[in-house]
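Some structures to go through are shown next.
Both of the next two complexes hold chain A, though its partner changes from chain B to chain C.
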Partner chain A sequence: MPSSVATPTKGPVKGPAEERTENVVPVRPPATARSLLRGLASWASVAWFLVPALVLFLVFVLAPIAVAVRTGFFKWGGIGPMDDFVGFENYTKLFADQVFLGDMGRGLYLIVLSITVQLPFALFTAVLLNQKLRGRAVYRMLFFAPYILSGVVTAVLFTMIFLPGDGVADHLVGALGLEGLQGKWLAEPSTVMPTLFLVMTWKYFGFHMMLFLAGLQGIPREILDAASIDGAGAWQRFRYVTLPLLGPTIRISVFLSVIGAIQLFDLVWVMTAGGPNHSSETMALSMFQFGFKRYQVGYASAISVVLFMISLVFSLFYQRYVLRRDLSGAVTTGGGR
Partner chain B sequence: MASTLPSRRSFLALSALTALSVPLVAACGGGGSGGKPAADGKVTFEWWNIATTEPGKSLFPQIASAFTAAHPNIGIETTSLENEAFKSKLTATISSGKLPDVFQTWGGGVLQQQVDAGLVEDLTDALGWASDLTPVSLQAYQIGGRTYGVPYDIGMVGFWYNKKLFAKAGVTEPPATWAEFLDVVRKLKAAGVTPIALAGKEKWPGHYYWAYLAMRVAGLPALQQAATGKDFTGAGFVQAGAHLKELVDLQPFQAGFLGAGYATPGGQAATMGNGKAAMELMGQWGPSVQKDAGADLGADLGFFPFPTVDGGVGRATEVFGGGGGFALRKGAPKEALDFLKFFVLENESKLLASNGYLPVVKGAERQLTDANKKVVADSLVKATGFQLFLDQAYPPAVGQEVNDSVADLIAGKKTPEQVTRSITEAAKGA
Partner chain C sequence: MNARRAVRGLSTHAVVWLIAAFVAGPLIYAVISGFKSTSELTTNPFGLPAHWKTGNYTGILGDGMFWRQIANSAGIAIGTTLCTVAASAMAAYALARYAFRGRELFYTLFTIGLMFPFAVAVLPLFLLLRTFDLLDNPLGVILPQAAFGLPMTIIILRGFFRTIPAEVEEAAVMDGCGKFRFFWKILLPMARPALGTVSVLAIVASWNNFFLPLLVFNDPKWQTIPVGVQQFQGQYSTDYALVLAYIVLAMVPALAFYAVAERQLIGGLTAGATKG
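Our next item is the complex of A and B:
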């Protein structure tokens, strides 16, 4: 601390108020220096607390991203020195690859279906189970249970259900007189994606239902009652009161669905391994195939970089334009201002 | 609301984890400590094997302790890993430039990459006892006339067939030519029997058909030439694909075969074992997997070699298969090679008695009792030529492309010409 700044504060002329303060703070620098000092001190302590997190973040997040980006510019088989620099060749190859372009199409397909089918279905069950209903706790638990199952267990389970000829699914559609569907499911390029979506919905709708239920319970009873008194019917109450107030929850559900669909791996890997003939392959699966089956590590890194960029760009835009209201609201409340 | 929202940081972390997984796994990994003599003169070396299931699971440690008991100055550090885990771990270890002293290998393209990187010991001169081994069993580990591995198991692919179902279709004799084979398929179909079980999801069982047809039509030298010249577009390869297409056009496979696994419930082996299909083209392990996944066909199960193709240069005695062996890290202690000699030569009868392996030592086939194993071993002894599984013989990128393209051909998504072009492209890019 520079003494020239501190000295004037020791001056003899003081008001009563200042004297009182001086009892608490014996050495009192002028306002600017004091806050600077406090700022520094708090920064130092904050920095100390941040060190473990920063190191982990650096070692396990930033450094690997950098390594992946660098590896993506090389043709490298995972063995020996990485010395064959190919620039953007991996990327040009990637965007000319029908399978990878298909991966992106299939990702979009799952996203669109998730948002237009899975989430509305989850919302519907949530609204249903928010009513006073006998045994609703049991239903809630049943619908949520698949989410707790591991992806691999789910996949093995459904591989058996969709087994051509012997599976439960074939017997079921047979009993319903829909023999045309038998033996297809995961075995036909034309039916594998809808089947996959069916399994995804089974596994994940319960999770979104729970989110919606929590959101629904946060809607004050009084507003709905007020709407009723104003003459709003059930649909109007849902459309103009419930739905807007559920906005933040829905926006997060959409976000999680999209990211989940982009990065989908375990379910597909175990159920179909991307087949038949790449018709259910996802980006994560392509990356795995090239990285760990073909040992084209450079190319696989390029795929992982693209996968990362897509997720990053989406999440940044989504936060900027869609979640903005929820975020600023949250910060305002959290700050107590 | 803010608490349920994943923060940007945690989101970044999640996506980055995906992004990092490839290079990270490939870039790090523990190195071997190497076989350095300790102060007391004791030599310890590392041994990585894939014996995580019986009979190897209990047999391999027995052999190792018998060896160390006889040589108190030698220690063995054993690491047993499941097949796929072993491959991943070895890849990670290799990129750090270090290998374990003794490690499992299947020979072929993967071994060649390791040899090219200067990581594997050349055993040619030290292997004075190589003449005790069958030439077929050594072939996968010979690169450019030098030997880089020691086999402990060898097998081959052929047709396993259900004699009862063949009889039902009025087929008395296994087919010897491709035309006869297609005829058998037609007869089986006419009799209401599914001719062939195939695991379309796993792709590698499908590549057996294309590879064998290429061997029969274009011949063994052509396959080797194509690999070194990186050109698979020759007429023989296109013809091989065309012959496979003849078979596919008969729709010989079980319903839903494109989604079927191999050893999984309802997969290829189960279909075959449960008597729901008449044939499968599979390696020597076929019967035991049938038993595990479905049922034991017992005396109803027969074996016939892949038929010849009229006008092709390949012969019925040329076999397609693979086995298992061990290679040494460059600079591994010489005691490690002594161990391999002990493992293979002095324990052959134990390996064979365990019913999990086929003989690599000359004359040992006489010890076999199992009828199915005997017929495979006899075919191997009489073999006039050998081709390693293409997805092991070639660099991984090429081998996987063979599997992928042939799977596309079987599903009707690629023509025979497109298959040869895709494989050539992969070979040139690898």
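Our next item is the complex of A and C:
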């Protein structure tokens, strides 16, 4: 049964070209019974290396998803036997719930703002700091610093800053003669989402800036010089040379922004708890409210499953159609090639 | 021409300064406000404190709870890092250096983990941990965090292990070195830079995690720093200056770690993002 035996890496192999040239240890083809046994032994020792990670992954990453799918079909308070099977009722309720539909809309709002405002801002900053500039190492380090702070610390900091009446933001706009903004920020349904987005930008733009800086440094100087010689101005060089070459980085940045918006929890929970009146609630927050505050665990599990499906469909779609050119060994192409 | 360049240089500096003010402003505000009394925060929001009041900071530093939370966060971060790096290094070794049936399938399985936001799994994870009796137990946070750290760590380490020439292993085998000894005595020491990078990533992710410790720990003696910050804000919600002092002190370990491990952190995050 050669199928369970380590396959030879030298000689005629059907695998992808990459596999033939990589640094794997050559295992001779199992021609005799003895070498077959040896092959099995080698497979067993490889398995030992895989087992710890595999067990961890199955128990704590994949199993919870299965549990959520199952629980989502029940009406269950979280304690006692789970025996009230309701089929898809949780899902039909979910998609009829105006608040949950609003959660999805707010997620989309944050995604759109991230892509149209935060990423261009991060790119702009990266281009600025990619020039020769005194102290640019310090600026880079500073701009990235908020990213490593925990979401809770950031959230409490900005809760203090945006306190109605006493917060420094109110004092600041008061001093600038913009009294109309005072007392709003996180306290008004109309301003809470833009304020939240401002905090997200503060925390996350530095990370995207770092990605863009890494991308910019990968663009060969000669190409830009050649464009200069051909008479391209600074804007044309950026638009027709830099931007297309940054394509892979931009696509990754967009991907991470979307996944980040889908799972946004810490910042919102601590700053507004979803309020005022659900106007800043996110899907993850809804799940938390129903699961841990209102004890509708079946319903909350259905929200988890919807979150999971959205992430999965988005990731597969994005990897298949958008990142296809950039990734080798990506999820959708890794097995099939 | 020179004048134009000077003007442009000046305006570039002005813009960078403006962004720097946007980023640093809130942080500086928090540090300075921690030295004020809450009443002064209202009367004198922008200026330096009239009297530098150190009581906010020293009071927190003299409180055992704060140190307890720091110790909890540190212990959990170290535990998570050891688990995730050990399990990932072994798996990455097998996935990078042995050709066996189903290898790409296993690799794909792990990379799929990258697509799951943590928030998706947190509720069923809580139910599972409750059945395993892992609530109010540090392992209830360490093991899931380690599991969610696997995909990124395996991707980075596998990439690194692949760059080590096969001749190294062949020579070791020729000298009578077994797989386990090769892995432990030769491969891991060679992979120290990559191990440093993934460890730094694991430490930061664990240190900042809020969702899971919030759910798993009911007993205040296990609280980590992010949970503690939230609790403290709830408890002293009207003493603004004290709350600001608390978050400043809570930031210090993370920022200090960043200052020390900046290279690994940024290198790892950008590499992880582009490879993942």
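Going forward, the second predicted complex is superposed on the first by the 279 of 337 C-alpha atoms of A that agree within 3 Å, B and C clash if a C-alpha of one lies under 4 Å from a C-alpha of the other, contacts with A are read in each partner's own complex, and residues count from 1 in each chain.
Criterion: contacts are C-beta pairs under 8 Å (C-beta built on N, C-alpha and C of every residue); 3 or more make two chains touch, one makes a residue touch a chain.
As the structure is a computational prediction, the values presented were derived from the model and not from experiment.
With both structures placed on the common chain, the touch criterion links A:L312 to chain B and to chain C. Between chain B and chain C, C contacts the larger number of chain A residues.
When the two complexes are overlaid on their common chain A, residue A:G102 makes contact with neither chain B nor chain C. Within the superposed three-chain model, A:I259 lies in touch with chain B and with chain C [touch as defined at top].
Of the two partner chains placed by superposition, only chain C is touched by A:L157; chain B is not. With both structures placed on the common chain, the touch criterion links A:Y295 to chain B but leaves chain C unconnected. Residues 57, 60-61, 64-65, 67-68, 71, 78, 159-160, 163, 166, 211, 214, 248-249, 252, 256, 259, 263, 284, 287, 291-292, 297, 300-301, 304, 307-308, 311-312, 315-316, 329-331, 334 of chain A are contacted both by chain B in one complex and by chain C in the other.
Residues of chain A that touch chain B in their complex: 57, 60-62, 64-65, 67-68, 71, 77-80, 159-160, 162-167, 183-189, 192, 211, 214, 248-249, 252, 256, 259, 263, 272-273, 275-277, 284, 287, 289, 291-297, 300-301, 304-305, 307-308, 311-312, 315-316, 319, 323, 326-327, 329-331, 333-334. Chain B meets chain A in the complex at residues 1-2, 4-6, 8-9, 11-27, 88, 91, 94-95, 97, 113-114, 117, 200-203, 254-261, 264-266, 395-397, 400-401, 407-408, 411, 413, 430.
Across the complex, chain C is touched by residues 3-9, 15, 19, 22-27, 42-43, 45-50, 52-54, 56-57, 59-61, 63-68, 71, 78, 125, 128-129, 131, 133-134, 139, 141-146, 148-153, 156-161, 163, 166, 168, 171-172, 175, 202, 206-207, 210-211, 214, 248-249, 252, 256, 259, 262-263, 265-266, 270, 284, 287-288, 291-292, 297, 300-301, 304, 307-308, 311-312, 315-316, 329-331, 334-335 of chain A.
Those residues of chain C whose C-beta lies close enough to touch chain A in the complex are 12-13, 15-16, 19-20, 22-24, 26-27, 29-30, 33, 41-42, 45-46, 83, 86-88, 90-91, 93-101, 104-128, 143-144, 146-148, 150, 154, 162-166, 169-170, 173, 179-180, 183, 204, 207-211, 215, 225-227, 229-230, 233, 240, 243-244, 247, 250-251, 254-255, 257-258, 262, 265-266, 269-270, 273-274.
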